[in-house]
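One structure below.
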Amino acid sequence: MSFIVSDGSDPVATVQILLEALPYIEEFRGTVVVVKFGGNAMVSPELFADFAKDIFLMHRIGIRPVVIHGGGPQIGHWLERIGKESEFVDGRRVTDAETLEIAQMVLLGKVNSQIVTALNAFGPVAVGLSGTDATMLEVEPHGDALGFVGSVTKVNPALVNRTLANDMIPVVATIGADSEGQIYNINADDAATAIAQALGAEKLIFLSDVPGVLRDVDQPESLINKLTVDEALDLIEDGTIAGGMVPKVLGCISSLEHGVGSAHLIDGRVPHVLLLELLTSAGVGTMIMKGTR
Amino acid sequence: MSFIVSDGSDPVATVQILLEALPYIEEFRGTVVVVKFGGNAMVSPELFADFAKDIFLMHRIGIRPVVIHGGGPQIGHWLERIGKESEFVDGRRVTDAETLEIAQMVLLGKVNSQIVTALNAFGPVAVGLSGTDATMLEVEPHGDALGFVGSVTKVNPALVNRTLANDMIPVVATIGADSEGQIYNINADDAATAIAQALGAEKLIFLSDVPGVLRDVDQPESLINKLTVDEALDLIEDGTIAGGMVPKVLGCISSLEHGVGSAHLIDGRVPHVLLLELLTSAGVGTMIMKGTR
Amino acid sequence: MSFIVSDGSDPVATVQILLEALPYIEEFRGTVVVVKFGGNAMVSPELFADFAKDIFLMHRIGIRPVVIHGGGPQIGHWLERIGKESEFVDGRRVTDAETLEIAQMVLLGKVNSQIVTALNAFGPVAVGLSGTDATMLEVEPHGDALGFVGSVTKVNPALVNRTLANDMIPVVATIGADSEGQIYNINADDAATAIAQALGAEKLIFLSDVPGVLRDVDQPESLINKLTVDEALDLIEDGTIAGGMVPKVLGCISSLEHGVGSAHLIDGRVPHVLLLELLTSAGVGTMIMKGTR
Amino acid sequence: MSFIVSDGSDPVATVQILLEALPYIEEFRGTVVVVKFGGNAMVSPELFADFAKDIFLMHRIGIRPVVIHGGGPQIGHWLERIGKESEFVDGRRVTDAETLEIAQMVLLGKVNSQIVTALNAFGPVAVGLSGTDATMLEVEPHGDALGFVGSVTKVNPALVNRTLANDMIPVVATIGADSEGQIYNINADDAATAIAQALGAEKLIFLSDVPGVLRDVDQPESLINKLTVDEALDLIEDGTIAGGMVPKVLGCISSLEHGVGSAHLIDGRVPHVLLLELLTSAGVGTMIMKGTR
Amino acid sequence: MSFIVSDGSDPVATVQILLEALPYIEEFRGTVVVVKFGGNAMVSPELFADFAKDIFLMHRIGIRPVVIHGGGPQIGHWLERIGKESEFVDGRRVTDAETLEIAQMVLLGKVNSQIVTALNAFGPVAVGLSGTDATMLEVEPHGDALGFVGSVTKVNPALVNRTLANDMIPVVATIGADSEGQIYNINADDAATAIAQALGAEKLIFLSDVPGVLRDVDQPESLINKLTVDEALDLIEDGTIAGGMVPKVLGCISSLEHGVGSAHLIDGRVPHVLLLELLTSAGVGTMIMKGTR
Amino acid sequence: MSFIVSDGSDPVATVQILLEALPYIEEFRGTVVVVKFGGNAMVSPELFADFAKDIFLMHRIGIRPVVIHGGGPQIGHWLERIGKESEFVDGRRVTDAETLEIAQMVLLGKVNSQIVTALNAFGPVAVGLSGTDATMLEVEPHGDALGFVGSVTKVNPALVNRTLANDMIPVVATIGADSEGQIYNINADDAATAIAQALGAEKLIFLSDVPGVLRDVDQPESLINKLTVDEALDLIEDGTIAGGMVPKVLGCISSLEHGVGSAHLIDGRVPHVLLLELLTSAGVGTMIMKGTR
């Protein structure tokens, strides 16, 4: 078409690709997708910018994303900066009052704020929320050994739902309070699972720094693309799924048993991995779903 | 990324291109775009399918398209089929009662219905409307010589606005009625101009079978990409814009003077020309806008 | 009252009669009444004008009419006009692609449009809809022998309900599409039954050119005014109800079993028969209702 | 139609008359009509029943009536019953505390309640209101000589509007309170005028026991059907309009100058006079309207 | 704080006391509290003013009060005034047509109006309703001996609920009508019980002129503060609860069995007794509640 | 009343005091009150608890509080904790990237969160917001010397208004972003002024650690209770108002000139000073208002 004036890229190819995304847009239109965004994923500014752009585009094509985040590395960094050492029990940080104070400041004041600002750079769409807002996350102590680490006992999803109904993106820091008003830090994976269940999300996606479930943890190419609940339980039993992956996979399974459509473990180190998963035929990471294979 | 399983296309490039469309999506989000779709554009099934897909994708990314259509060739075809000959005055078909009957059947029963069905094949989004529904288009006779050809005297946009507010795509056949209930056929370019004005549309796009305004009508590469109202009037005066292009350009100018943001003459023979115009940096056809260049 | 100035009619009698209609107005206020309007009923301009006025008055006194129409005679007329002969199987027209094209044009472009225009002559109240709008009527082929004649598999009543909620009158042409987007013609009696069920209508009224169910088909005065479902089934079994009346009565019975309040077979040749049925003590045609007599 | 079974009346004539009312129904649909109902009009049970039926039918065909009532004769009757004598100044009853007590009881407890009950006998549509509800009528003393007789200083129409928006009929007793909470009786003509203005009513109708404005007060046939404001003022000046008719006509004129569409003085002794006025071509009483004749 | 300028009272103590009321405000926020206000309670102007202020403050802190009132003493006073003698059967006044007329006038025109006016002196919050408005109270004759005394057969709570939803206080006079439109007087205790049930009220409070349930009717200090349903039934059986207290307590029990949260018999002669009950730790009167002690 | 059972306090006095607050409750019902809460006020846990209780009670009696907070002392504390020294220019902290990082963490992660949690301990009413949420606060650099200290150029109040409309209390940390998405710290007094203007607040209250405007800064009893804008400007000119009080008073004046009803400088060290100001006749601090004295 000699009369198409272009700036160098190929507009015709562009349009073709947009149209190929249409079936995916249709599939996920209007659905709630809970994305747990790990602190690890913020380490690279490029990946962080990719993440924000992906969430924003999801919102614009009609998906309703909910971002849940922790901030382990950032909390660790600040504890170090003030010379405070941490102890860990079962991979969870023992949280005394001073650690809680730092954790809260880092989660709400730094991580949450950065995500909100990055999203709002595209348009006024994101609202930062804490699990203490409107009593969203009710918790009890996870156990004496861990101090102010809380387990979610109840999710009050009204504020998240209102935020979604206002066509905005909730970004939730995983701080909660018990019935006395005492604040606790909450494991973000656990919080994401609980929130996805309370929302009846279509998808629960864990963005982390591993490719997904691997048959051989040393071989990225041994990635398993799809797992049923039964298969996942078998792999836990035979030790294929081990270590920190076990609670993540159990969280996925629990969410599926409480109404979530599918759960995904995907690799936040892959640029635009969320859009690859949602809008293309590429299989990234591991999807866990109900039913028999 | 060895662990991305693909079906042959390149998901990474796909995602990249989707993201490049984001600024355009933002720009047109929520805006009303009136598209006049000429009967000529339906001749090729491929182009027709492209058109439907484009309108649907526009809808899905938040644009609010309104489709206005005529059906000259199809009406001609059916008049021929029943052995009825037509007379033309100033390029408009003289419309006696029998011709009106055929025109109405073809417009509503064939053209409108085909467009609605093609759109709804993607999802339940389109509603077929006639200008007689809810007294949308009020007309008076265009002139004695033309018979039942009407000029729009008033647009009642409530039904179109309600349809848009219900997140659906109005597809309007340009039939109207006078205060006595007598039906008239309406020139679709005129109707599109009147409706775009009544809606305060962001864009009014004429899809036809010419590339746009050409400096030299025999040289497609002489296409003029942008024209101000003053420039357009000059080109009409000096005869560069002539023939059937004159009323189209005057319609564009009138719409701009009544609140429409910009008017476009683009070539319906170019595949996915609507998306090329709206979502890429490609310049297709001629844009007429207010102000001085 | 010497000081009442009148134009010849008797205002006092007029008011008296208006008040006698009040109990009927109360009874049907707010209820959905589905009226299947046969193509036969449009043959007389007077009867057609009566019909439109009746529907409009029903709307104005708070009834919510839904008009469903076919157009057999009009389709036949146009097929004849282009010299196309039809074949019939079990009283239904075999519909090849060309016949479908004509049927669609006639139904939407002529019959639907005429009804909408006639209603809107009183005020902007009617909206023409096709069963393909917003995927209202989902169909499958009725059988190989009939070609593009479809059976309704599902009604999506959202668009009709929204139209009613907007205080407008839906006028539905009985065209539908299958999951591939292929269009089919639908028997209007069947479509009216399916739509009445989907809406939970208070009344389903078939306007046709017979007086109702007759004990002796040659004796109009043998009209049966009321039938229970059981009685109707008995009359089908013993052959009193026969021929084209059987599917109509079975449709009535089916609708009653799916939540419709009562079903009526009335004679469209009687002027203002709808108002006679709804607003006076006159018994017109046959009412079929649930329960034992 | 031998197959129409009737109960003696003529259903066909009935339907014909209903249809003749249609243009009037269209004209007044959705408009607010304030009806001042005088205590005189309640004397005859038949006329009272007619009045209730008329108001109810008005409501059912889409008019929004507001009934304002006084109760002079009933108050007089009760004052007499307890042996209390009244003094009158300029035709208004001097109202001491005891008279006020009786007036209030009679207006709210008897007249208002009877009207509400009579309307609700047809369906749950009427709500009894006092001008003291939600501070609807703010008053000041009319003058020292009259005691607790108030002049309306402000109308707060929110409660009446909400009642109309709930599709119900407000029936208002013309009691008001001053800023101290002291209650006053209000002349019902004045209150009706003030409320009609505050509502922007289409019509203000005074139902009383005279035929309207007469050229010769002794000749009912000298009734004037239509008056412009200027003509009315002339007739007051030349003494044709005199006595108690003067404030009524001045109220009409004031309401017209504050946005009311037309004002009517009609004879409550004529059965169904409201429907005669609204739904037939009969000219009853006197209509006063803006503009020059 | 030397820089606090006060008018003599102690602002600091004031604020302290306001804050002590906070837990009570929280507890009753948004709940419906039906208060039956006896005619006896209006005898003292001071107590009546207290009552109005209490109801208004309840409304302002988020409680949703519904006032139900009778007017026995006022009716008796007026009957006496016109020289009409009453007969009583089982403590209920035999109500002939004339008595009904007086009762209705007094209830609606005097008692209801006084309560509404007293409340609206604080702000436009109260709406006077009769049980005949919108067919709120459907009744049948209580028995032949009593004449026009009605028993509630059905409560239509829509109008009360709409009034509450509009953030206003319904004040209900206990007049009802049977299906013929005949009006009846209703015992206010019975009406309050029926309305509280229909609303699913949190509390039903009877304000009367006794302290509550007493173990020894001559010893005010023998007041029983809390009773379960079983205990109350025992006290009726053993004669501790006797006379006019029996139907009140049975009404309480019935309401508890139909969804009311708790029922209270409190002493309207105690200034601000409603606020004492609702907003302080004081135990006033007798609370009857479900369950075992 | 011997039958009132109390727990030692005096319920009758309690109720009396509640009722004395009623005129104040009426006055401020539904009004927006912006409270700037300084970091100094959080130093005492008792005062902080008082503050939270006051805000909550304000909310419960119908006032709509908006809390704006800074956190100077807390930021200083954390900067010290990591050994970072601050420089000040004109009383404002020079904010480099590291200081901004700490400021943001402290404001959102500590101060905001503590306020939200303290409020929600009474009921789920508070939502923590940052000026970066939904692009609420748009800023530009305050000046090169101060680094990332921003001046508010525009307030987008939609999110605050939606939060109020949802009957919740917005708690806003004064962080904003420029059009590039760069974050800035904002002086909380300035932000409160800008937000109060954008909301058209009834009152803007600065809670700080001084008694108000003093004629003699060393004499608390020289407090000025009321100042007009002109008087305040005079006092600035003659040096009575000096130092850090000048920008606060200028902020008050600016807000008054842009629609705020009144501005208050009150002493956060006085327990329950907000309720003293709003609900009692005590004069606390300095009120600045429009007009001449």
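First chain written, first letter: the chains are A, B, C, D, E and F, and each begins at residue 1.
Everything that follows uses one rule, which is that a contact is a pair of C-beta atoms (placed from the backbone, for glycine too) under 8 Å apart; a residue touches a chain by one contact, two chains touch by 3 or more.
Just so we're clear, the structure is a prediction, and the values are computed from it rather than from any experiment.
Each step here moves to a touching chain, and the least such steps from chain A to chain C number 2. Shared contact partners of chain A and chain D are absent. Considering the contact criterion stated above, no chain is in touch with chain B and with chain C alike.
Of all chains, the one whose Cα centroid sits at the greatest distance from that of chain C is F. Of all the chains, the one whose CA centre sits at the greatest distance from that of chain A is D.
Both chain A and chain F derive from one sequence, and where they touch, over half of the residue numbers involved are common to the two copies. Chain D and chain F, compared by their mean Cα positions, are separated by 55 Å.
One simple way to say how far apart two chains are is to compare their mean CA positions; for chain E and chain F this gives 43 Å.
Averaged C-alpha coordinates put the centre of chain C at 67 Å from the centre of chain F. Annotation for chain D: no residues touch two or more other chains. Viewed as a contact network, the protein chains form a single closed ring in which every chain touches exactly two others. Here chain B touches chain C in the complex through residues 78, 81-82, 101, 104-110, 112-113, 116-118, 120-121, 124-130, 132-135, 156, 158-159, 162, 166, 168, 175, 177, 180-181, 183, going by the rule given at the top.
Put simply, chain F touches chain E in their complex at residues 1-7, 9, 11-22, 25-26, 29, 53, 56-57, 60-62, 122-123, 211-212, 220-221, 223, 225, 267, 270-272, 275-276, 279-285.
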